[in-house]
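Across the two complexes that follow, chain A remains constant while its partner is chain B and subsequently chain C.
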Partner chain A sequence: MYKPTLKQQQRIIVFAFLALPLTLLFVFSYYPASQLFYLSVTDWNGYAPTKDFVGLENYLYLWEEPDQLNPLLVTLYYFVGAVVQLVLSLWFAVLINSKLAGRNLFKTLLFIPFVLNAVAASMVFQIFYQVDGAFDNFLQTVGLGSLVQPWLMDPDVVNWALVGASVWRYLGFNLILFYGVLQSIPQDQYEAAKIEGASEWQQFRWITLPSIKLVIGLQVLLAFVGSLSVFEIPMIITKGANGTKTFVMATLETAFNFNDFGLASAMAVLLLVIVILFMILQKVLFSEEKAS
Partner chain B sequence: MSTTRAVSTTASENASLDRENLAGQIYAIRLRRNIRNPKWLFWVTFKYLTLLLGAVAVLVPPYAVFMASFKTLDEYYANSKVALPESFFNFDNYIKVFTDGDLGLAFFNTGSILLISLFFTIVFGTQVAYVLSRFSFFGKRLVLLAYVIAMVIPAVTTQVATFEVIKALGLINHKASVILLYVGADVVMIYVFLQFMKGIPLELDEAAKMEGASYFLIYWKIILPLLKPAIATIVILRTIFIYNDFYFPLLYLPEQSQVTVSTALYKFTSVFGTEWTTISAGIIVILIPSITVFLLLQKQIYAGVTNGAVKG
Partner chain C sequence: MYAVEVNQLNKTFGKTVILNDIDLEMEAGGFTVLLGSSGCGKSTLLRLIAGLEDVSSGQVKIGAKDVTLADPKDRDIAMVFQSYALFPHMTVAENIGFGMRINHRPKTEIQSRVKDVTEMLQIDHLLDRTPSQLSGGQRQRVAIGRALVREPKVFLFDEPLSNLDAKLRAEMRLELKKLHEKLNATIVYVTHDQIEAMTLATRIVLLDKGVIQQIGNPYEIYNTPANCFVARFVGSPQINLLQGNLVCQQDQWGIEIGKTIISLAHYEFSAAPKEGRQVLLGIRPEHITQSPLSSDMTMDLPVNAFEMTGSETLAEFDLHGQPLRAKLEANVEIANGLALPLHLNLSRISVFCAESEQRL
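Take a look at the complex of A and B:
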């Protein structure tokens, strides 16, 4: 009896509840993404009313002037850092998941940098790494004075120093993901293994590792995307000096400082394509793993 | 009556005491045996050593900044940077960050951006999740797909073009710019809400419908209250994200009157030059709310971060 009104009601509520969110999604997610492709074949300077079509000129420029792509190599430092960070966080997660005095304290300590304000956390390291700063003084105090060096000035060292700040900030995130999965592994599996006389390494290799495979895959993907989009730490600590400029920084600089939105869009498209390719690759690897 | 209960309580207490004793004895025996095993001893020492090193690595950088925030500039340069300050009651630096560093304004701006963004995120997120999980309609799969694909687009790359949109809307230097981006481009929340919707039995909707409740009333009176845990998760995740975000305010709110905590602190190096003690106080002021909230809501934050990442 009420069916027609309910049907009408349903139409109204579907429309009312979806209209605004979907509009926002398109205006701030899809439109910019598609516009990126369009701008990348123009010479738009950010304010001119006209956008001249220039074909693939911006992409060719990226190809011919590899200097423009150099910041992409900085990604490698952060990726190495991310791998170290993954191994360390897994180690700490396994420890915290085992019988351990003060496990909550250690968990809190290791995780807390992740919830801190990005600028504040970066500036902590800007101060920490100063010449004759806290890091140097700390090293001298613990008898490692020979390691003292200009952390932010030496182009050979500075990227590793920044990677250190990045590991400090994001390790807790990996730790919590690993810890969550470790908690979900039924304890009786370990009990059974112990009765069979399996060593701790064997338990890790044959019980823990297979259970956390998926999370490792997810975290490698996040680490890769994260390394490509590093921005805050070098932007705040060194402002990109001494060869610490990352690709995102270079893209923004090209757009907002050099007013070359066309070229900047081409760079953004390149980054977008790399990220999506890696996601597809990861998906393919995963489904194969599942099948075998 | 009461005596028998008292007796039985002591009896059970005794039993549990015995059990504890036994467990303690077994533990002591194991420990005594283990401690003579050099391999075991090595591993335990190694484990705690790495944890200790990790804890020191986490603590030393902010420790040094905390110490610096109580020092005068002369004191900072004269002494070791890891030494204690002459007095923990020197609040000059803290006063200065509020009078000269616009931190009060920054907290007000971030606070208003945060509250408005959270409100719309919750309204839109729960509404989209309700409609998508309860009705079948033309184009539903397309809408779901739109949210899946949107998640793949990294916001960090598309800002060059988003800037054009914000500019065309005339929203540069208006808080609405970042609010729209925080609300409109967040996709993870849809997943968290959808996941929770699955756990709300359809029978509840049906029963309310029998009573003659409209769909809006069902959303308002049944779904929304039951989504509270999901809302808490989203509030936590978004608060951390928005309070900590630097990228959007840097691009869209460059004017001094629109500073957020992140951009205000970022400008400190140009306002205070190399007055590292004042800058340190600013850092501490901005870290305190995060640390307080974290210590209060630790469990929920762990759960929220795990949910958000695994679904996202």
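Take a look at the complex of A and C:
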């Protein structure tokens, strides 16, 4: 009977373990991605049996009709929100990491929104923001009645209102990541700094910040990608009305409402290119060598 | 130079008592070692002196100043941690100069102090390296450098050598001793290693379960232990503690162990002895030899077991059913069951009450 050598056995094991994940990766990631690139240079409408090659026409259209890219600007609101969210979550994580009484309760309370169903959470905010809703009542109760306005109807504030919902929902996720890395910083480094006379801010500046630099980089990347791919909250709360349409919503609309899969694919490719460029920037700014 | 004084110091975590009514004065310029097994409260005591923990009650004084409620930075101390607590993203120079930097001292002063200290510790060629690029011994020196550069009144060391291998530990021990002589500074040093304590200390404070068992210089701790715990804790191999009864024959006190009476003619009792009292006789293995020099008593005992370590032979004998360990010469002819003549040096024995385990 044939008996494989040790090296052959190792190869069989490696192949056996890799086969399934690689198959899944190619079938559900790389193949669709290649199809995306292919579709972006066609004029496919989503259901026709044929698709004609149109070269870079879809990309040129995006270049010539910048209105098509307007939803990208909505991303900026969410990116600003994400930065606020990162700062807040880091602040809360530092507080929870200290000897604060009831810190486990605070941690749980802040994390709960992240595990809530996205649709349910968005619907809660839809009700919260409606005219004479809970938010207006709250403002009036605390004496800020002058600020009351139609939060979801006024194009000047609606995006900030949606950003507020997004911050509330995703803050817990950032918090847990920051809390995890803060826990890994040895306590005696802070004690050594205290003996040297370092204030709380100096401890944060000289010990905490350099130790969490890589995680900050990762969180900024996630925040940026998250800002570009915002979908659930504006889709459920405003359905993209009053200037709240995001780029992902616009892409889906182009594909499924206007039946222009070619253009939608070009938009998706553009999004991918932006994300890759940002990843490269993040790698340069927050590389491991720099952090160490 | 400043003395460190703690008065009626207590520390509890919930209902657990960590330190119980500690009264202690650590002499100015002295090398005080807080010695004890894990969980005895020695590190907690050091952290209370440093101000890294709050006291439950009592007082801590550095020099003449009451610092019980003062911040660590206001106590004029420096501490070397067991893990060294170096900042991983800073270079050696930045680590050592950290305290001066955050206190906004001029750059030239920082550079000059760092240079002096690193030259003294022979790490001046490592200034641009980060801690991950250093060996254990080098990290240890950087941690000591960070303490030295501040020129504090008191140095606190929390088991600084426990992460080093045996050879390096012995080297660093010697270096610390030299450093203490050079600086003539007050040092409070925590360790569970009795060799470290015996070699470094000018004064040892032995703790158990949050209570001071004995305070004394290494000689006193070793030769006149205050109780059985101290006697057992210090010395390797461990002291022999033989059960017996006090007897008095012709005005001469002795301990009767089985049919053998061991004379206590040289022993100074701290309290009046009582005939028939159950006691424990403490005699260290190195005081039982085959050499007739300084022999106070001779007996032939059968060998139970033995170990040859190269430099010596550790043997266990049977004395009326009780084990008696002896440190013999390396080249002794020995076999299990063989009876060997043993000479006991009784000038440095200890006698403890069998019940309270306190020295009599």
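Everything below uses one rule, namely that the second predicted complex is superposed on the first by the 267 of 292 C-alpha atoms of A that agree within 3 Å, B and C clash if a C-alpha of one lies under 4 Å from a C-alpha of the other, contacts with A are read in each partner's own complex, and residues count from 1 in each chain.
In this text, a residue touches a chain if its C-beta (ideal position, glycine included) is under 8 Å from a C-beta of that chain, and two chains touch if they have at least 3 such contacts.
Quantities reported herein were computed from a predicted structural model and do not represent experimental measurements.
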Partner chain(s) touched by A:Val124 [first = chain B, second = chain C, both, neither]: first
Touching partner for A:Tyr31 - first (chain B), second (chain C), both, neither: first
First, second, both or neither for A:Leu144, with chain B first and chain C second: neither
Contacts of A:Lys194 with chain B and chain C, given as first, second, both or neither: second
Touching partner for A:Gln202 - first (chain B), second (chain C), both, neither: second
Touched partner set for A:Ser211, first chain B, second chain C, both or neither: second
First, second, both or neither for A:Leu285, with chain B first and chain C second: neither
Superposed model, chain A: greater residue contact from chain B or chain C: B
First (chain B), second (chain C), both or neither touched by A:Pro186: second
Intersection of the chain A residues that touch chain B with those that touch chain C: none
Residues of chain A defined as touching chain B within the complex: 6, 9-11, 13-14, 17-18, 20-22, 24-33, 35-36, 39, 46, 88, 91-92, 95, 100, 106, 108-120, 123-125, 127-128, 130, 132-138, 140-141, 168, 173, 176-177, 179-180, 200, 215, 218, 222, 225, 229, 231-232, 236, 248, 251-252, 255-256, 261, 264-265, 268-269, 271-272, 275-276, 279
Residues of chain A defined as touching chain C within the complex: 186, 188-189, 191-199, 202, 206-207, 210-211, 291-292
Chain A-facing residues of chain B, complex: 43, 47, 50-51, 54-55, 57-62, 64-65, 68, 80-83, 124-125, 127-128, 130-131, 135, 137, 143, 146-147, 150, 152-165, 180-181, 183-185, 187, 209, 214-216, 219, 240, 243-247, 251, 261-263, 265-266, 268, 276, 279-280, 283, 286-287, 290-291, 293-295, 298, 301-302, 305-306, 309-310
Residues of chain C that touch chain A when the two form their complex: 50, 52, 71-73, 77-79, 81-83, 85-90, 98-99, 102-103, 130, 132, 146, 150
